[in-house]
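First chain written, first letter: the chains are A, B, C, D, E and F, and each begins at residue 1.
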Amino acid sequence: MFSIENILNSFHEWLSSMLNQNMVMLLEMTLIAFFAITLFATLGLVLVYLERKVSAFIQIRKGPNRVGPFGIFQTTADTLKLIVKESFMPNSVDKFLYQLAPFIVMITAMLLLAPLPFARGVQIWNINIGVFYVTAVSSLSVIGILMAGWASNNKYSLLGAMRSGAQIVSYELSAGMAILSIIVLTGSLNLQDIIASQENGWWIFKGHIPAIVAFVIYIIAVTAETNRAPFDLAEAESELTGGFHTEYAGMRFALFFLAEYINIFIVCAIGATLFFGGWMPFHIGNWEAFNHVMDFIPSSIWFFGKTFFLIILIMWFRWTFPRLRVDQLLNLEWKYLLPISMLNLLVMTLIAIKGWHF
Amino acid sequence: MENEPLLNSLQTGFPEATIAIGSDWPEMSIESTQLLEVIEKLKGSDNWDFNYLFCETCVDWKTHFTMVYHLSSTQFRHSMVLKAKVDREIPQIESVVKFYKTAEMLEREVYDLFGIQFLNHPDLRRLLLTEDWVGYPLRKDYHDPINMIKL
Amino acid sequence: MRNVVDTTPEGNMVLNVGPQHPSTHGVLHLFITVNGETILNLDPNIGYIHRSIEKMCESLSYRQFIYSTSRMDYLSAHMNNHGCALTVEKGLQVEVPERAEVIRIIISELTRLASHQLWWGSLAMDLGALSPFFYAFREREMITDIMEETCGARLTMNYIVPGGVMADIHPDFQRKVKEFIVQFKSKIGEYHELVTDNVIFQNRTKGIGILSKEDAISYGCTGPTARGSGLSCDIRKIYPYSAYKNIQFKEILETEGDSFARYMVRMREMEESVHIIEQLIDNIPEGEFQAKTKAVLKLPKGEFYTRLETARGELGVYIVSEGGTTPYRIKFRSPGFSNLSALNHMVKGHKIGDLVSVMGTLDLVIPDIDR
Amino acid sequence: MDVKVSEPSTPFPGTIHETPGGGILLSSLDDVINWARSNSLWPLVFGTSCCAIEMMSVASAKYDFSRFGFEVFRASPRQADVIIISGTIVNKMAPVLKRLFDQMPEPKYVIAMGACATSGGPFFYNTYSVVKGADHVIPVDVYLAGCPPRPEALLHALITLQEKIKSGLTREQIRSKMSEEYGK
Amino acid sequence: MSFLSNYIKEVYGAVSSLLIGMKRTGYYLTHNKEVITEEYPEFKAKMADRFRGEVVMTHDAQNEHACTGCSACELACPNGTIKILNKFDITPEGKKKKAIDSFVYHLELCTMCNLCIVACPTDAIKMSQNFEHSVYDRRLLTKQLNFPGSKLREGVE
Amino acid sequence: MGSGSLIALIFAAVVFSAGGLAFAKFLNKGSTNPQKGETYECGIRTEGSPWNQFNVGYYLFALIFLIFDVELVFMYPWAVVAKKVGMMALFEIIVFIFILFMGFLYAHKKGALKWM
């Protein structure tokens, strides 16, 4: 059976047989960097295009369809334009921080790619505390946003950054609680272990209602963490014109834009891994024949399929709901999501310990 | 109250003022110095209860200005027009902001376009035009050869 | 230049909202003093679209000046024209044919619907829900199609002349209006599903920007803004003009005075407008669509004032005539102007996000304020 | 009787770039860049009056200018490419418009939509506060007549602007070329 | 306990209202037939007859128009869009006759209010349905409506 | 790949961003004018600097978050072993969350979670 894992392994062995270990290391690092950049660029283009098409269909219109067949080169044109647009820096900004901020956001997004299991055996770094790593690193992006907002020397930017700071840190909690409830079930922080534990069914089906509640809380929390509508208060066009990136132009703005979409991809990938079994095909208990048929679909397709399903779900939120107000946003977290997720965690622990899950 | 009875009751209330039926409503002309007491009476009286100032504007008659107040009552649904003559050389009149909050903006507009000084107005500034605008454009003698192209 | 606010300097900052800002719907400029997110004071600065219509009208003849008023409150262009025509007709003492009266009212109500739909879409957009805007415009496009067919333009219709309307209705008019009504009635539930019942929307509007009835009177508020505060001020009802005397309709009143009440007034008003159109559309009387008037109109010496209800509230047209072919002085009492003056009172102590929802439910059209 | 309507004397602006003329060499990189720029015109949220409503109509589902990739309305001029001046510019607004235009990064384009922005329109005569055409304040690339123009007309203006960007000609080059044609 | 039941009721109400909204947009997302976009440059909707795009002067096959140069439209226009320049033709009988030299129409000023059309006694001008007026240079919007070499149609006074 | 991949990823991010920026710098000619460098604020000259004291409301949330987040970190190791330890783990975490929740209620009562 076709498997990326085997190809990668044989490639690694082939390299090792030809070169010394340091060279292999260096070469593989370069390849990883290359892979990451390609993935970044492709994902950015695809997700923005997807967003525009999803919004168009929800809004009973056609969406981009002029540039290339079905408008698929629309986002390419946008990206190219942003690159060749003047990357302009206002005089009044804090120059160092202003220039640093997009890098921080980009590096954070890039680092989050490391533990993602893209397919069976395809993972950049099989870190044994994968989930913990993701929660830790993802909270770094708020620093980039705060930096951008502060350095811009613009009141709108500052307000946007402050909002986003309060928002992202708050929602980290319930996202963490939702993740914990899966960890209780699996007993491991390693993403591969978590996937392996879903061999005979995904957690969202196996974990009864608490798993579904955890999933809902997770989706809401990550929507907020990635600054997506209805939680896009950091940008809030109708209130703060552009929020934290008001003063950013051209390529720097494009980097923020890109990082936002990559972050969505990453949180959806994590969500898919935790609740939908990552690259694990759809298996039902011990229906051998059925499971075997499902195995024929390549694991990477399962992974990307699930991830894109969640991404479309998040886009669907965006184009449906009005934006919350800043205090309501925090109320939602502190008065509803956090207590509910605490309780949910307890129920989940009970289920896990009693072994009531399937 | 219909126009006729309103006219009569106004005439008994303000014997010294000139009151006539205009094209729509009773029109009462007073001197600018009387304005506040007249409005206080009009608004405070239970008979009239003119609590709703729906239009306040000014007309430049070249010799003098006339401040025109359109008042109505949300209770009795009757309306009237109050006119106060303002001197052209010293265009001053009392502000009615303390009776009608809407007058704040309306008087700023009149100040902006006619240059009438409202005494005791809380915040008399230009409203529509820029601060450094010269002249009062809705006056009949306003000239602006640069901006105004005559047809 | 700015209204200086007496506040402790710590943590307060002055923020310019507008003239180019997505939620001001035009070129309104607000100086707001904020502490964190809380608005301490708001000072509207208007005039960024002050086009001196009043001065211009002094040099236009009575036939001509009507058309420039379409550009004032462009969302109720027809009602503006109607008001001017009514004033001129009052001065000339022209009897408008019954058919013209009815056509005018149907078009007025269609304009009101179009205006409210645009308001609904853009309010939702201001609050962050982008899709309702497109659904609103789907229905609105049907209205603009009808307008285009009968009046010749989509937005600034210029359909009214003193004495009647410019042309008779298009043969397709009635059929298309009925089609629209069917479509609208099937979609109004969707509007409520998407926005009205949405918990986020309700939280954003309920209890926000409260305007009491007393304040509404004192600030001279009109239209749905005042009716949301329980002030009965529908000119169509209390001082009926044109053919409104013979029509059955309710005046919509809500008493809470918050953003949600104003929202509900407009939503229910839409249904009421449909109700009015339904009554009239099959009963357009036969006859002339325009009364005979002289080629050059001259108003007698005097002062003429007309009150009528536009989509935003009470419009007043005040013409002072010296007997010539042009008005001596003309004044438009615009509904947005007085509604705007209450804005500071309404948003004080609220958040920046609330400013958007309050401004959205005031439904300001800036050229209407600035004239 | 065969009644002939006078055709509009305007040549379709797309025809003017037959020959770039005067030693302009379009390299393929420039072509690519111009293609990208022309297909990704992000408008600034800027509407002053009636035309802004028609601009909203263009964004609406029936006309949908997202088909061309124009739908990314940016509220901040730092990220916008084109200002659609939809409405009257008055003396008080003119410095603001100038400032917004100045604050946009290069390359930037301007469409004057409607009679008011083109020339002052209905407010040309007897007004004391209206700028008689937005090109007194900032340079304008495409003029669009109408009061307000139909949504399709705005789409036409945007396509016209695309043609211009693709041709790679600057405002001055087009103008001098126009003057030649106009003088004939 | 009432606090708790209220709390649950609140959460339930909120979630269900959100789900109703999502159902509605989800319907549109999955139903392509609801798309109402008209693709403009290819698909040009037929303009209504009364649609006012610009003023044109009707010319017949002999290149004759009906404009006598009476200036009624110029007077009717609220903002000076029309300028009529008259000349005096010498008729074969040797009489001087007024005729238009050029009928200048400022499209950039025109508000399509239809007043000139109403005012015209000979129906020489009408509104056309053309709306594609985008140009690179403002001067091109000032037009001469009478064709070069056109004459007044016989019998029009 | 081990942790070395992180270096590769950081490198990739920096190369990607810096490369893009350098490319942008290389390709376009900017323009300057006096107003361009000024802060954008809806087309009006800004008044005062935003770099001054700021409302404490935002920071309060950050502080409360800090407390909760530290507690959350404690729960990760617990979650890993919860299944093995059995009912004792549940009991412990109930006590833990109860204390946490009391703290939360206290903060709520004190109005710390009220937006100012």
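Things to note:
Operating definition for what follows: contacts are C-beta pairs under 8 Å (C-beta built on N, C-alpha and C of every residue); 3 or more make two chains touch, one makes a residue touch a chain.
Just so we're clear, the structure is a prediction, and the values are computed from it rather than from any experiment.
Common neighbours of subunit A and subunit B, listed by label, are C, D. Highest inter-chain contact count (C-beta pairs) belongs to A-F. Centroid analysis (C-alpha atoms only) places F farthest from subunit E. Look at where the CA atoms of subunit E average out and do the same for subunit F: the two points lie 54 Å apart. Once the centre of each chain is set as its mean CA position, subunit C and subunit D turn out to be 30 Å apart.
If you average the Cα atoms of subunit B and of subunit D, the two centres end up 45 Å apart.
Annotation for subunit F: residues touching 2 or more other chains are 27-31, 36, 38, 40-44, 46, 50, 54, 57-58, 115. Multi-chain contact residues of subunit D, defined as those touching 2 or more other chains: 33, 45, 60-62, 64, 67, 75-78, 92, 96, 100, 105-107, 122-130, 147, 150. Of all residues in subunit B, those touching 2 or more other chains are 128-130, 137, 150-151, listed in ascending order. If you check each pair of chains against the touch rule, the ones that pass are A-C, A-D, A-E, A-F, B-C, B-D, C-D, C-E, C-F, D-E, D-F. Subunit A makes touch with subunit D in their complex at residues 52, 56, 59-67, 71, 73-74, 76-78, 80-82, 84-88, 237-238, 241-242, 245-250, 253.
Within the complex formed with subunit C, the residues of subunit B that make contact are 22-25, 27, 51-55, 57, 59-60, 68, 70, 74, 77, 81, 100-102, 104-106, 109, 113, 123, 125-131, 137-138, 150-151.
In the complex of the two chains, the subunit E residues touching subunit C come out as 13-14, 17-18, 20-21, 24-25, 28, 36, 47-52, 76-78, 111-115, 118, 127. Listed in rising order, the residues of subunit F touching subunit C in the complex are 41-44, 46-48, 50, 52-58, 115-116.
Remark: subunit F residues 1-18, 20-21, 23-25, 27-31, 36-42, 46, 49-51, 54, 57-58, 61-62, 65, 68-69, 72, 75-76, 79-84, 86-87, 89-90, 93-94, 97, 100-101, 104, 108, 113-115 touch subunit A in the complex.
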